[in-house]
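Chain naming follows the written order as A, B, C, D and E, and within any one chain the residues start at number 1.
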Amino acid sequence: MPVITDNIASLGYATPELVLAGFFLFILLADLVFTRNRGQMACTLAILGLAMTLLVTLRLYPAGERLLFAKMMAIDPFALFFKIFFVGSTAVIVLLSPATAYIPRTRQGEYYAFLLAITLGMSLLASAADLVMIVLALEMVSVTSYLLAGFMKEQAASAEAALKYAIYGAVATGTMVYGMSLLYGITGTTNLYEMPQAIARGGAAPLALFVAVLLVLVGFGYKIAAVPFHMWAPDVYEGAPTPVTALLSVGPKAAGFAVLIRFFYAALAVPAGPGRWNPVADIDWPLLVAVISAVTMTVGNLIAINQSNLKRLLAYSAIAHAGYILMGFVLLNGQGLYAMLFYLIVYAFMNLGAFLVVIALAGPLRSEELKDYAGLASRTAFPAVAMAVFLFSLTGIPPLAGFVGKFYLFAALIEAGRAWLWLAVVGVLNSVISLYYYARIVKAMFLEKGPSGRLTVASAHQVLIAALLIPTVLLGIYWAPVARFTDYSLRLLGPLAR
Amino acid sequence: MIGLHHYLVVSAVLFALGMFAIITRKNGVAILMGIELVLNAANLNFVAFSRYVWGGLTGQVFAIFVIMLAAAEAAVMLAIVIAVYDRFQSIDVDRVDSLKG
Amino acid sequence: MQIPAEAIVFYALTAITVLSGLVVVTSRKLVHSAFALVFAFSGLAGYYVLLSADFLAAAQVLIYVGGILILILFAVMLTHRIESLDIRSETLQLLPAIAGCGAIVVLMLLAVYRTPWAVKEPQVLTQTAQSIGSLFMTDYLLPFEVASVHLLIALVGAVIIAGKRGGQ
Amino acid sequence: MPMQNVLTWMIFAPVAGAAVVLLLPRGRDELVRWISLLATAVPLALAFWVYANFDRTSPGLQFVEHYAWIPAFNIEYFLGLDGVSAPMFLLTTLIAFLALVASWGIKEGVKGYFCLYLLLEAGMLGVFAALDFFLFFIFWEVSLLPMYFLIGIWGGPEREYAAIKFFLYTLFGSVLILLAMLALYFANEPHTFDMTKLIAANKQYGIAFQLLVFIALYIGFAIKVPVFPFHTWLPDAHVEAPTPISVILAGILLKMGPYGMLRVSWPMLPEALKVYAYPLAIFALINIVYGALVAMAQRDFKTLVAYSSISHMGFVLLGMCAIGPQGLSQAGVNGAILQMFNHGTVTAMLFLLVGVLYDRAHHRVIEDFGGLGVQMPVYAGVATVAFFAALGLPGLSSFISEALVLIGAFPAYRTLTIIAAVGIIITAGYWLWTLQRVFLGPLNPKYATLPEINGRELVTLVPLGALVLFLGVYPMPVLDLIRASADQLIALVGPLP
Amino acid sequence: MDLATYVLIALFAPLAGATVQIFLGRRLPRHGDWLCVGVLFVSFVASIPTFNAVWANPAFKLQILSEWLTLGSFGIPLGLQVDGLTGIMLTVVSFIAAFIHLYSVGYMHGDPRYSRYFAYLNFFTFSMLGLVLADNFFLIYVFWELVGLSSYLLIGFWFERPAAANAGKKAFIVNRVGDVGFFVGILLLWTQLGTFRFEEVFKGIAAGQMAGPLLTVTGLCVFLGAVGKSAQFPLHVWLPDAMEGPTPVSALIHAATMVAAGVYMVGRVYPVFTPDAFVVIAYVAGITAFFAGTIALTQFDIKRVIAYSTLSQLGYMMLGLATGGYVAGLFHLVTHAFFKALMFLAAGSVIHALHTQDLREMGGLRAKMPVTFWTMMAGSLALAGVPPFSGFFSKDAIIGATLGFVMAHPQHLLLALFAVGGALLTGLYAFRLMFLAFTGAPRDREKHHHAHESPPVMTVPLVVLAVFAVGAGWGGWFERLVRPPVELPHGPAGAHTLALALSLLAAGLGILLAYWTYVVGKISAGRVADRYRPVYTLLFNKYYVDELYAAGVVRPFLALTRGCAAFDLGVIDGFVNWCGRFTRGVSRVQGWIDFRIVDGAVNLVGNAIRAWGAVLRLVQTGVVQNYILVLLGGVLVILLLKVL
């Protein structure tokens, strides 16, 4: 049967997922077999796994654009971009974990296994070309996230975070699945790439389609924590073990964007020339998303101003950043997508960096509260300086990477003409507001007087911070290679749709 | 003649009931029941569409996957509920609200 | 004009499903809710039979009634002392919920009725079990495998999270 | 030509210095100071070379460096000087050097201070040399961050508030500039940030577009100037900033606003300028008169100087928007640029003087001094020169620029110019009153032991004083630089319709 | 050496002296006084060839032209010119200045800032010479201001005394008011005629490029400068206060030269003024001449009496210029320079001897200080306009011009009354001073006992100046050198004879009254004062002009500045701040928002934004069902928007 040969042939393109799944199982098994130094071993294995995944992912270049496994999965530069992205961000989390005290020693094996599992889920999500795959991958990411959030279940906050996350996530997924059922009813297919024609064929069913799209959007919106589907995020971010929070604020969010882009651009848009799309069937989802974007960044920023817990503050900041990124989404053109991807890269560096500093200081400082950061610069200079750089980058101040990211977003909006000028203005004003709370942290660290006594930060963390700091600064000054890579990664699986 | 609309109405009602349970019930387990109702509503849709509109087995297969997911989700969620019960001596969700603001 | 048997069965199933659904949602006793859920799920299985999805109906009964529900009951037991089986499930934000859910039903029905569904004469399906089985091995191979990994993750995770506090 | 990349060397010498300072081990404060001095001396030395080699007859760009930077977005590393930027660029090297000498007294966090200081200098130099709009914006913002820390860490008691206020205000301005910049970028085909190309294309922008972009740019630049009513950050920032930083802030940073207008708004959006010229002139006038009025009521010496800056910057603005049927006024534009330069030197002196006094008396309440002319005659003498320069006395530099501005503005806006001239009386009033309250009258016995100004302080003040005096007598050395480019700018803008 | 070099030497020698003195003065032997006096004599000597040149050829004209700055078509010229008027001014200024420098050596002996004093004085001379030599409006304005600066520095020379510090400030600011007018006038001329140079401006006006009301207004603007500098009503208030400066300064600056600069300037730019403008000027001048004289009657400070006399005489000069007596006005400027400088120096000599300036503490000094007495007597006679002293000739000419003008324009009769009445007052106050100071019995025996004649370094200048005060009016030399730049109408024939009679009568009457009152005692000053108490009080308080300024200008202005500052702090800075507070207030009423105002600092937009953030925070209750409700609500809102 041709399907079987297709499946077998497809295996060669699913090597990253295979490696991840293999190492996931391997770590679980090894954890059962070995009794000593299990954490260390699991960590090593995880790094090994991620490295191998990266390797096999890179071997897939130059990737064409094709559908695998009976059109279940798409492999294209766009997907590979995200796979690398996920591997990278997970690697950071894996690397920083051993030097922290977040994860109980007895459960470290599973912890690293789950980190691989969530990476697997995200990779699948970025490649998903069928509603079934979207649901499954999304659930894999979600369920793993719940588990990771509750990994410090001995602490009430962690358990609470897991519960809220699970409930909220389940509702969002359920809603999404319901929306998908309607979508299936309208189009008769679950494959994204068959939908545009099906919608066109099916004639006008605008309201039902709108309901379906909206309900699906709930699921994606929850993943990227866009208002009004964001409310789980602050509580979960605050309660979850901080390394997990760091991952959640970057990985699954990016995965959410990946699937959002693929879903909308493949299923609900038709190409209208090179690098341009039109929405199908008169559903004005760009406007819908634009409003969501504006509200998201505004709400995120406004609430962030009043936060006193750093993790929570960063959670709201992450919400706001989802809003910024969404600005690129509404444009339906290559520039917008390009800006989104670029921003995601930059965002990963600076956001992970900021969380990393919080993690690195949580040990010596025994706190994640803003007030305990007072006078930090005089107690341990490097992390404080690095934190300032990350925060200013998040604000979008040149010559830091965050500025370039924002620059691309605003550039895309302005280029699109007067229609989206209002969104650009909202975005710009939000940047100014955001400075206010980012600067509060900087102010506490540099301008305020705090307790004396030097703090020592684990050298592993220092190295990692530096590793994130360098690109954050460098990308603000010279980003042409990254720009080229991003540009290349824009090759979303398109020919089938065209 | 029973047609598509009948099933869609039932499904919508089930969806709303599920949502209602999720929003109103304090007990974590009861909320889980609501979630199951929502998922089943979706499944009913899939199967009905599969039967009346598009033919084929796509809808049914989808529904099977959803059932699998529901099972996995239920397992994880119940485990979390138990963990929460360990910490809070309660599974009333509105009492699990130390994280807020 | 005879009343088709199908209609009778449908309305009966609807009565069972919706009513037990209502009980699930409103009952103050958790255990009552749980048992009402059994009836609701069974009603759905009935629908599936009506929709000639026999494999699905079986899966529904097996997984839901046999699996998930037992799980739920276990959870109920584990999280409450045996002597207080009269577990009350309080409610909150009743009015907004009624308004919201009512509105969503209305809106969805509006969407459903406004849409000209491309209804076709239902084809007779036989032997769905076999067809579905082969689909899992061909077209749906990847989802199938992913789902199995997913179940494994959930299983391991559930054990870790629900297990007694780790170690020492 | 030798020294092809002289501008790059000048901009990045401080950066290199900052890097070296950063790598020095803790506790080598004296070394840090000397390295920083060296790092600012290099641009200063090169500035003399640039000054000597500047072609005064050419209105075009000189010392141009042009490299691709981010080709995908057509962003270039494009530096160059012309008559509009050269005076400010050269002044920056001087003020930065002198303010560094004035920073010798910084005792806490020496490493961080000088590191940030050097970055600040690089940013400022970059702003005046950049000809790629994107590069310009980067440098613009680069000058912002160090300022925040320099005020926030080494400032006075209210430093945190002042720093964040400064930061928020200016960031608000710069995001507007960012939007305007992007609008201009996309208004051209092919898209470009090259300022010379953006200027060359100024005829093709629609009037509605020009009006909108102009406002965004104007607010952005106006905050930096600062123009009433965006000025309230200035007194706070000045009062809280340490003396050398006030010097930099008033001497250089404020000039970035009008410079931006002359470099960007005026030549790129001439039609909008013609529409807005009169309102702009009114804002300039408000700056002049209002700034002077508020200055007069101040009790704090430094706040007074800060408000006086607002007033004096009003002249810059007035000269810039003096446009009549013949186009922009020659005297007005030249005067405005010269006033930027002169205000830089004069106000730097004033802040240094305030600093000298504050270091000794530890307060700045004007009324509490008195009779210091007896105790510190040299200091009083230097201060008198600075004060009279500030009030526009002939023979000192500000007079010429202010006179040029008034001469230039008069044909265009008679009433406004007359009111502005009346503002000069107020200026004289508060300066003389301050002079009297601080230096004249009987010596307050509390200060009978106040030491005279010392050598290091004189080193910072004397060059500026000499410059003020020299340019007051003979302004051509600076006007020579400006003249040709100013004519070109006037031609670019063209006459009123 | 050619003439231009001499002119430049004359101009720059004092500047060189000032520059050296300011930096090195304290280290030079004798603190550098010899240098400063020396350069002044150099300057004077260098000015003699110029005088010779114009004397030889009254139409002589020398121009030294250069460009100060050029900006393409726009430029500011840098030019000096010498003609008859400048020739005289150059010589007279450097001459008087030289002797006053010399006098200062004695007068300022032992002052702690002795060297600084000479530096300032040198600098003043430079500025004044520059003002005289300037050939364009811009340059004259520059020197105009520099003169003001030197005046400021010298008035406030003893700055430890608050009165002196205040007086300096007042002088500068009042002058600035006039200067702004001057500057606006220059701007108007430039805008209309496109040039700053006198010659070209005159040519343009002659060609009718500028005329009518605009020119009148321009002329008045320019005149405003002269009002300030020459202390005409109502900007005269600074001059009496300026007497806080050292007396030689008063002699040089506030009698002989600087205050005359306004008169000189009006004469220099004479064609700029229209007849209408001259009428206004004439009234201003007349009022100044008359009212200053009345005030001088009641003052007891010897320097103030002379100061008010100066005001009055400046009024005369201006009156002469305005009523067609071009030569007369400028002639009076020169004669006045001699005799008034003389009077101040003599007064200085008295003050130096007695250490008081109060006339009520003097008396009977004639015997003790003969040189001072006789020289001052010469000055007073010249001031009162007694023939054949110099003042007679010039003042007589002015009154003649005024009467001629009044005869031609009878509606301006008041001007004649001012002129003649002023002459009477002049005689009266001049000799009131003389009699009070030098005759009768000493009123303060203690001080009288210590009094002594001044040293030669002071008396020699007195004698030299006295010679000129007596003889400067003879020979018609002035008319030879100075000619009106425009055709002036000739007054009616009888005017001059009438003027001669009236002025002699007025002066004589004035002196006689003084004699009766202060020597003979026929009239009791005290009784007259009692009889006309309100008038006396009014005069004694100088018409309350200072008080009017304080109440009507200064205080409201300061209130305005404070208001602006409060506005700045409260309204502009507080605006958004207020928004925040408002929101906060509202929320307090609602009672469910707990605002924490971090740092208590006013945080701009911050407060408002924070407030909104705090409201939004409330939604984040921590109860997950609330979150889901929000989710559902969001979906519903979007759906409803879609459906509706």
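We take it that contacts are C-beta pairs under 8 Å (C-beta built on N, C-alpha and C of every residue); 3 or more make two chains touch, one makes a residue touch a chain.
Just so it is clear, the structure is predicted and the values come from calculations on it, not from any experiment.
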What are the chains that chain A and chain D both touch?
E
What chain is most central when centres are computed from CA atoms?
D
Taking each chain's centre as the mean of its Cα atoms, which chain lies farthest from chain A?
E
By mean C-alpha position, what chain is farthest away from chain D?
C
Sorting chain pairs by contact number gives first B-C
Centre distance in Å when chain B and chain D are each reduced to the mean of their C-alpha atoms
66
Intercentroid distance (Cα basis), chain D paired with chain C, Å:
72
Measuring centre to centre with CA averages, how many angstrom lie between chain B and chain C?
7
Between chain A and chain E, what's the gap in Å when you average each chain's C-alpha atoms?
77
Among chain E residues, those touching two or more other chains are 606, 617, 620, 622-626, 628-629, 632-633, 635, 639, 643
Where chain C touches two or more other chains, by residue:
92-93, 96-97, 100-101, 104, 107-108, 110, 112, 117-118, 140, 143, 147, 150, 153-154, 157, 160-161, 165
Chain A: which residues touch two or more other chains?
132, 136, 139, 143, 146-147, 150, 153-154, 162-164, 167, 171, 175, 182, 185, 188, 207, 210-211, 234-235, 306, 436
The chain pairs that touch are A-B, A-C, A-D, A-E, B-C, B-E, C-E, D-E
Help me check something: in the complex, which residues belonging to chain A touch chain E?
163-164, 167-168, 171-172, 175, 207, 210-211, 214-215, 218, 222, 227-229, 231-232, 234-235, 288, 299, 301-306, 433, 436
Within the complex, which stretch of chain E touches chain C?
623, 625-626, 629, 632-633, 635-636, 639-640, 643
Give every residue of chain C touching chain B within the complex, in rising order.
4, 6-7, 10, 14, 17-18, 21-22, 24-25, 30, 33-34, 37, 40-41, 44, 47-48, 50-53, 55-56, 59-60, 63-64, 67-68, 71-72, 74-76, 78-79, 87, 89-94, 96-98, 100-102, 104-105, 108-109, 112-113, 117-120, 122-123, 125, 128, 131-132, 135-136, 140, 143, 147, 150-151, 153-155, 157-162, 165
What part of chain E is in contact with chain B in the complex they form?
617, 620-625, 628-629, 632
Sort out for me which residues of chain A touch chain D in the complex.
392, 395, 397-399, 403, 407, 410-411, 414-415, 424-425, 428-429, 431-432, 435-436, 439, 443, 446-448, 478-480, 483-484, 487
